[in-house]
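Next come two complexes, and both contain subunit A; in the first it sits with subunit B, in the second with subunit C.
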Partner chain A sequence: MPNTIPARARPAMLTSRAVQARAADRDLVAAFVLLALLAATPLVLSAFGQEFWTDVVLRAMILAIAAASLNFLIGLGGLVSLGHAAFLGIGGYATGILADFDIDNGFIQLAAVLGASALFALVTGMVALRTKGVHFIMITLAFAQMVYFTMIGLRQFGGDDGLTINYTSMFGGFDLGRKDTLYYVVLAVLAVVMLGYARLRKSDFGLLLKAAKGNERRVSAVGFDPYRYRLAAYVVAGMTCALAGFLDANFTSFVTPGSMSWITSAELIFIVIVGGVATICGPIVGALVFLLIEEIMGGVTVYWHFWFGLFLIAIVLFARNGLVGLLTGGRR
Partner chain B sequence: MSLALEVRDLNKFFGGLHATRNVSMAVPKGELHAVIGPNGAGKTTLISQLFGELRPNSGQVLVDGRDVTHRPVHERAGLGMARSFQITTLVRDLSVGENVILALLARRGHAGRFWRRVDRNAELQDAAGLALARIGMDPSHLPRRVSDLSHGEQRLLELAIALVGEPSLILLDEPMAGLGSEESRAMTRLLAQLKGKTTVLLVEHDMEAVFELADRLTVLVRGEVVAVGTPDQIRNDERVREAYLGEDA
Partner chain C sequence: MDTVLFANQLLNGIQLGLILFLLAAGLSLVFGIMDFINLAHGVFYMIGAYVCASIAIASGSFVLGIVIALPVTLAFGLAAEWLIVRHFYKRDHLDQVLATFGMVLCADTAVKYFWGPQGLSVPLPAWLSGQISLAGVTLPGYRLFITVVAAAVAIALWQVIARTRVGMMVRASASNEEMARALGIETRMVFALVFAIGAVLAAIAGIMVAPITGASIGMGNQVVILALVVIIIGGIGSIFGAFVAAIGVGLIDTLGRAYLPTILGAVFSPSVASSAGPSLASILIYVTMTLVLIFRPSGLFPPANR
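So, the complex of A and B:
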């Protein structure tokens, strides 16, 4: 059979694809470098007596785990959830409520955190994923606000004031709440989440999500039901975000309804966009920048959100793939 | 002779518009059956109902004797149906290879492997190369982005993807739309090779190609079947000349 297609301008086309591949490789290399830097951070900072900043970095890493789970939904699935912080709260409250009943067994707590978040993701996802675009945003927001107001109403668990957690999680003889070890546990979880994402986006599951984002009709036409795969992604993302809530509860010994308000959800979206949608390093870069701006500008002016807003606008206008996109030179 | 596709009294309304009127068809296995008709005759509407993207208001669609009227699109694909679209429907920001592999995964039945890398899977890559070779495209096209392909290449890729699942019934919605004359002839040759191997329902405006390829034709006018027959019968049918060929040719 003759080759019916003339290979018009093929070299130039291949290049655009190659640029993208190189950017993805740099993103992965950058992930390893960043993780190594994060591993050295506590040692360096404590040598200079700057333990406060170690806590900021720790907070950023926890936030990055939550943001990474949202990045998975937005970047691969095109599913912009404005209720993702609900899972942070579910993780935090599952831990805090069990501790309130004097159950500080970390295995039981973790099972409750993952079980509750999986169930919530499954039930809300089954409804929300029937919708598209703006409707999906609104439904995820509505579900999150339901949980938010439920926790405000539950006076026995602190209501509006939040719940103080008196016992941190015990894994056998290992106390997760200890600051020096918690840092490395969080770093390990972050590493698994980042590298897991790098792997997943190249798997057939990742390919299906990307294809469904790009052209749902095509995916159905070859014989896949996109809904099932999106639901699986939604549950995985929800459980991962709840894990961040579990870690945060051990870090702060405190959980408030505010952790699951729509404002927190919007902040997670900020972090994903500032860092770079669909990148491996985006969530941690975005979270670090977010907290640094909060700490530094927050010390200078109470209107730091204004400056953060300007910064976000600049990123969206001038760096469509976020900070990581600027550094790796990739395009979406 | 057993039927690959049977349509019974299909009706579709869009508000006041009766887009499909009591359409009945019987396509035996292995036939290349063309559906022709002037613009607005409801050809694409008919295909979309056969494939499940639109639900008919009444009537039945049977594939291999099985009633699929109420099955969703992805299940019909699983039963051996495939379609190409009038307006190219590919994932534009993925590569040619990834678009083909998507269809290969569907044939396997699932895309539930979180860990194995698709781009390092030699088996899938080879199969994707073979799928391109079937439509005369070189495997070197695999890493190219679909959005970088020419229109003609995209039309061919759609056909390649439709063929991946070895469909027993393939619905082609104007595969030659927008093609140059040379590309059209290449597409005609490819479709000719399908004859006898699989059942094809072809909607096409290129009359030269249709009359060359089709075993039988159904003529649709304003949602209604006005004639069914071999190319010769259709050419000489007075009603068809009046309703269709007269105004078009």
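So, the complex of A and C:
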């Protein structure tokens, strides 16, 4: 193929290691500050009687968990999936279908969510990870479309209209669906995911993924099989995203095939890129920006998608390291 | 099996295939030559349909709608290429996916602003809405018209690319851009031209479909994904591959929708069969693409010299 020199490679080569390390430190500090702010948010907002915005932030955190799992794939592995939303749907439907059979035991639901997503990720990953570049984008999209059309076809679970979930998950005596506690459960999961990412990217596993993204042949020559590490990453990312779907099902009590359409997958990519790919704070920053634009612009004009689209094009054109990259001075 | 029904379904499948080909041809050229994934290709499909529909409604002439809609989409194509797309040729695919996704959002919203959220239905002239009898089988005239027009465009496109000087420049730019430039071909112009021609082909597809399904917001969003599947199956950059794959996908989709519910009905209850059938037809297309990617990673007919 022509133009094989990636334009991205140039700025990365110019960046000194020290600048990168400083940006990574700032990113980690910012993550702690953000998590502390998020912990205080419901208290502050309810003091001002703005419970609506607490729900917006809660939605942003759920989206951020899904986006963080995609960030793990794109940022560390260089694996651009256009079908990641399938895992959101798998998490949601595993919860909803069990609830439909009157099983509201949270442990069973969680096991089903994680098991189904791990199995799906393993099977599809084994095929998809044999391909590269555009073909990987398209094949992940294809698998997501298969699940999407399957759920549209299954009319006993709502088909096109979606499935209403009548019971939220019960963990012993604890109801996950309770609005006042759900926020902190989601925040805790988000914290684990964000800090987990911070650890993973410095671990041997993360470094190997990064190395394979940079130069696959060298990694193989040193004696590691990139495919196995990528598959492991793909499964972990899929399970994490399904967990977000599980939380979302408990938050909205509703799941639709639309949550798995390629538009949702593209939105997840948007969140990752706008926030800043391969950063700890990127997903939550991107998700907050995404939902704030939706809520604020949506209140001003019904045509807010137009400005959103322009914003997206501008970000991709000019802010190549996302918003977090702009603030911390790091480079991808 | 009912032969009249089967003949109609076959025609529908070929017609869907030809529509997909019109979309996939432009997408495949843009992808093959500029290495650019264009999720916004469906936008031109939609613009073509909307412009043609409003002219046809206002003037009462479907043909006038076509005559005006084509240059309008050509202008839109050139403008989009000049303003946005050309800055992304050298970027990675991730950026291209996002930027063109942004274009889709802008275009869908702009259409909603100018035409309202409802969508338009397009009146057919009397000479196109009748039935035509061919060898004892009655076929709807308009679907036959689509098939003939799309086939003519496909043949014309193939001739231009295979036989003319411009086509030679396009092929040269596709196989080796730097060499083409060194030989004095203004590749930047070729790129703009290819993008705009792709937009016009998409518009033709949208115009043809509009009288059947109506013009609606987001009408291009699902079909552009199908067109992407087509070019992956056919081999990126190959017009012939796109043609074969488009017809194949069109037939799988149409015949699947028509006959899978009956076949499933033999095993499952009728209600399950009628809802799962169309889904299964859609899934079959993606299964086909996955199988092609596993066994022939560069598609069925990868272009030479790449």
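Everything below uses one rule, namely that the second predicted complex is superposed on the first by the 317 of 332 C-alpha atoms of A that agree within 3 Å, B and C clash if a C-alpha of one lies under 4 Å from a C-alpha of the other, contacts with A are read in each partner's own complex, and residues count from 1 in each chain.
The definition used in the following text is that a contact is a pair of C-beta atoms (placed from the backbone, for glycine too) under 8 Å apart; a residue touches a chain by one contact, two chains touch by 3 or more.
What you see is a predicted model; the values in this text were computed from it and never measured.
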| item | value |
| --- | --- |
| Touching partner for A:G214 - first (subunit B), second (subunit C), both, neither | first |
| First (subunit B), second (subunit C), both or neither touched by A:K202 | first |
| Contacts of A:Q145 with subunit B and subunit C, given as first, second, both or neither | second |
| Which of subunit B and subunit C A:L82 touches, first, second, both or neither | second |
| Intersection of the subunit A residues that touch subunit B with those that touch subunit C | 1-3, 7-8 |
| Residues of subunit C defined as touching subunit A within the complex | 31, 35, 37, 39, 84, 87-95, 97-99, 101-110, 112-113, 176-178, 221, 225, 228-229, 232, 236, 271-272, 275-280, 282-283, 286-287, 289-290, 293-294, 297, 306 |
| Complex contact set, residues of subunit A against subunit C | 1-3, 6-8, 74, 80, 82, 127, 130-131, 133-135, 137-139, 141-143, 145-146, 149-150, 152-156, 159, 262-263, 266, 269-270, 273, 302-306, 308-313, 316-317, 320 |
| Subunit A contact footprint on subunit B (complex, rising order) | 51, 53, 72-75, 77-78, 82-83, 85, 89-95, 98-99, 101-103, 105-107, 111-120, 133, 135-138, 140-141, 143-145, 148, 150, 152-153, 156, 161, 164-165, 183, 186, 189 |
| Subunit B-touching residues of subunit A, taken from the complex the two chains share | 1-5, 7-8, 10, 13-14, 16-17, 199-200, 202-208, 210-211, 214-215, 217-225, 229, 232, 332 |
